[in-house]
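Input: one structure, supplied below.
The chains carry the letters A, B, C and D, assigned in the order they are written, with residues numbered from 1 in each.
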Amino acid sequence: MSPELARLSHVALETPDLESSLSFFRDAVGLEEVARDDGTVYLRAVDEFDHHSMTLTEADAAGVDHVGWQTDERESLDGFADLLEDRGIDVTWIDEGTELGHGEAIRFTTPTGHRFEFFDEMEKPDPPEERRSRLKNRPFSTVGSNPIAPQRIDHVQLWDAEATTFEEWLQDELGFHVQEYYDREDGSRWGTFLSAGGNKIEAAIIDDEEGSEPPALHHTAYRVDTANDLFAAADAMKERGIDNDGVGQHSISRGKFLYVRDPASGHRIEFNAGANVTFDPDWEPIAWEEGDLEDRQWIGQIESKERVPY
Amino acid sequence: MSPELARLSHVALETPDLESSLSFFRDAVGLEEVARDDGTVYLRAVDEFDHHSMTLTEADAAGVDHVGWQTDERESLDGFADLLEDRGIDVTWIDEGTELGHGEAIRFTTPTGHRFEFFDEMEKPDPPEERRSRLKNRPFSTVGSNPIAPQRIDHVQLWDAEATTFEEWLQDELGFHVQEYYDREDGSRWGTFLSAGGNKIEAAIIDDEEGSEPPALHHTAYRVDTANDLFAAADAMKERGIDNDGVGQHSISRGKFLYVRDPASGHRIEFNAGANVTFDPDWEPIAWEEGDLEDRQWIGQIESKERVPY
Amino acid sequence: MSPELARLSHVALETPDLESSLSFFRDAVGLEEVARDDGTVYLRAVDEFDHHSMTLTEADAAGVDHVGWQTDERESLDGFADLLEDRGIDVTWIDEGTELGHGEAIRFTTPTGHRFEFFDEMEKPDPPEERRSRLKNRPFSTVGSNPIAPQRIDHVQLWDAEATTFEEWLQDELGFHVQEYYDREDGSRWGTFLSAGGNKIEAAIIDDEEGSEPPALHHTAYRVDTANDLFAAADAMKERGIDNDGVGQHSISRGKFLYVRDPASGHRIEFNAGANVTFDPDWEPIAWEEGDLEDRQWIGQIESKERVPY
Amino acid sequence: MSPELARLSHVALETPDLESSLSFFRDAVGLEEVARDDGTVYLRAVDEFDHHSMTLTEADAAGVDHVGWQTDERESLDGFADLLEDRGIDVTWIDEGTELGHGEAIRFTTPTGHRFEFFDEMEKPDPPEERRSRLKNRPFSTVGSNPIAPQRIDHVQLWDAEATTFEEWLQDELGFHVQEYYDREDGSRWGTFLSAGGNKIEAAIIDDEEGSEPPALHHTAYRVDTANDLFAAADAMKERGIDNDGVGQHSISRGKFLYVRDPASGHRIEFNAGANVTFDPDWEPIAWEEGDLEDRQWIGQIESKERVPY
């Protein structure tokens, strides 16, 4: 049987100024600091039972160490290790505890140069007593949370000069499912929107039209509840003097968005509300063509193409 | 390999007055009429790609013909047929087209008296041209939709005098996953909240404390976007002279709710916003005990226990 | 010319436990502490430019010292003093600074036993630098505010055994305008909803059907933005272990509500969203009769009649 | 005593294609058609008790016939007529019924070329029986209303090459109150935001930086409930193939906005949520200077300067 992924787990980001980036992701955005170890800070969204969905590590420059994915079961981890080695890809085993919070893992670089990590088990530590919700199915109380704190990680958008190669490899080798895709007028692919677990877009693979750029992370999306929350988040950012990269709604996924970048690292977060979740076992990928709409965005605009290279 | 379910598909309801019930479910609630055939009307929510999630059939009295579930693949349908017959349960094969919109199916009665239907394939007809959204990933345009129209079916709540027997059978034989459960002070089980596909509560099995009652359907839940929509739906019902059974938020599932009953049949719909969806492959069932909170509802109340028997 | 009121300004509340009441009104509700002086704490809502809209003073028992109203101009203050004395009502002049934040004032007791304060000028101090919004038309930044903090005082609801006498006196002597009223089936008045400034309900005068009770304050309402905020406030209260007195929507005023009481004093706050504001110079009072609707509430219920006597 | 205005009442717009403009303002936006008479259609928002807040008349080109204002009482109408004639302005008396729904009126042209109408009384006809709300304080039921229908007229934005002359004249002669204003870096005035009744911005007077343009109307704003409604309105417009001119939040007034133009006439409507309303008798105008913020908008952008001349 083919090994399978369950879901997107986390992003491991590098920043030239850890404390400044924390003041963005923890203090301004509202992710919870879970642990610090060896120069890395672990962050978790308020509705996540899992140990973390983001790590920040100080480095010479902003970068992406890896994107982490969880397998459906332990056997799949070994299965993926075997499968990747069969394809001639170097697989590095990481001991449990090397990165806090999850079990042993494999790391590898995709043929297009994106570093991924796969693991099967992640801890689900209780929040500190004073932050614990009285609702047993909610980790953090709303009391004491940042009012704009997003709920949980939703997807990553990865840019590549060989996006088609990348998305096909994700499908063929790693078993990603295509949820939607967008073709340009000349038939070339602009973007492919894939799911690891099968229920929603977890990886958007975008063609880097400027070609020569290295593999990059355009943004990491976290889910909020409503469009009102996007305005609240934009407002809170403005009060802190942090501009945003636009508010609106994507046609693809139908997710409403607010984009904001960490001033220290340039890493961009998308606050996302209402993106499609599907439970359909026979989902047919949605095929968009340039010209279906006047714009790739249904409402509003994205005002920056900046992205952080691996 | 064990056969597997993918998700809750639809409810097949009986009403003593079809036109009156349509004026509730279609005109007041905003489900779309898809087809009529042989005394049955097929209804579909505005965000559903699938043929229908509810049928209404005129009968002597309000009742429940069956609750329909979709398998993950065709093999699972045969697998379930074999498995059920092995357990001594009568399985009736239903030809494609007997109920419009889906392929061949099996019907059977659970040991506790609930009638279920399993099938694998369902059609995804396009909406009428004038109702089609310009967004390719949304079936119906918001233009012309009822402003309170819910998005898609979410779960059913089934009552039974032998709820524990029922929920254990759903787990053991049909592979349902427990998402949450609630035990009374004396340790007896009040409710078990299960998922067919593994991502969210799709069947709530409630102990019928009045014991002698027949198996019953308490409500069918449809998802809306926000708590504001619950107020909008309550308002629209009031304008039509239809009282509601309460607005608030469940502790279990965290779903915000509005309950309203079809005046003609007594069938109850829950407008539901924000219930937990989880993509965690290692979800641990949430164990509630009486006393964890003062009430089973986090906010507000449900004001009626009426339910419709099978 | 007749003296005129401009608006409801503040409530001066007494509590048997000042620190506990502060932990409710300031920490849980999110009013800002402006000043402390001589056993009184001054509180202000986040969207108020004015010095305060509530004071809390420790006393033997919960009570209401006075309800404060602002006149349209300085001459009206003298005008009201003359007018009241003409009617044989004792008027006490209060020096500027006796109560912090406003100019000289008069205090008096209405014929039905409610203590009122009138003044003309109130200070508009800047918030502390670290709480100041970057928007010049908003006093407090959303950063650092309690996420459920209401925006500004909206109205008071006063109960009286002689409600009709009271509301007529407010109209005839003080120039209050009737926005809406509600008559029982037998023609007797249940409630009159009046405005001081003419744009919205600022004083709801309710017939105390248990007759023998002293004049009382049922609640002080503060405005929030949306129905979502009512759920957010209910949630935050539940997380703190504070039950609420119901969520829903009034028919009168159309305001959506959440009621919560300070556990220490019993003083009740209404979080209110969307109550009617009118700019119509020819507003005709809305006349409700029992039987117009099944209930006095359009949606939901109020679950307690507790009120705090003067 | 000086005559006084109570509020903005309506805009009288001209369009080259009446039916097309109706399909925008009535069918797409959701204003209710009240009456037709002599080539003019009268429109009313769903929360307005008054006869109309907009008229549409077919003409050779898009234009503005007048902006209508209601006086506080009948005497003020005569007072304004006298006052204007004293200033050498031609005043034309309009008989009751010339424009349906309101009493006799005066019309005149401001020194900057904007045509205004003043009147004192407006009818408050009941909605058609089938559209009447069961709430006595709400004219139209939500059942049957366009789901994005705005509640009531809020303000007009007028552009002028001599904006300073215009806003000073509005203050000095007509008694408008300044709520906010915005000065450029060189000290020149970009915009003044005035109130007729004293509670909120009703006329925004903007300096037409291209100088040579005739007096113009940039937009008419109608109020909706929440930011979610702005997204809903943008969505409904997109489904009809009508692009919008941006979504976001103004710094001035704090109103959240969506701008959309009638394709036939170019007349722009602003859906506005949450603009400041103040009941403060001592409101100090908010003084903005270029440089207070990076942009005149707090969130988002306005994407077009098109406006319709008188």
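Operating definition for what follows: a residue touches a chain if its C-beta (ideal position, glycine included) is under 8 Å from a C-beta of that chain, and two chains touch if they have at least 3 such contacts.
Because the structure is a prediction, the values reported are computed rather than measured.
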* chain C and chain B - chains in contact with each -> A, D
* Asked: More contacting C-beta pairs: C-D or A-C?
  -> C-D
* Type of chain B:chain D copy interface by residue overlap (half), same or different -> same
* Centre-of-Cα separation between chain D and chain A, whole angstrom -> 44
* Quick one: chain A and chain C, Cα centre-to-centre, how many Å? -> 47
* Asked: Between chain C and chain D, what is the gap in Å from one C-alpha centre to the other?
  -> 32
* To do: Could you list which residues of chain C touch at least two other chains?
  => 134, 226, 228, 235, 238, 298
* **Of all residues in chain A, those that touch chain D in their complex** => 226-228, 230-231, 234-235, 238, 243-244, 246-249, 256, 294, 298-301
* Provide the residue numbers of chain C that touch chain D in the complex, in ascending order. => 6-7, 49-50, 70-73, 121-122, 124, 134-138, 180, 197, 199-200, 225-226, 228, 251-254, 274, 276-277, 279-282, 284, 286-288, 292-293, 298
* Interfacial residue positions of chain A with respect to chain C in the complex -> 133-134, 141-143, 145, 147, 226, 228, 232, 235-236, 238-241
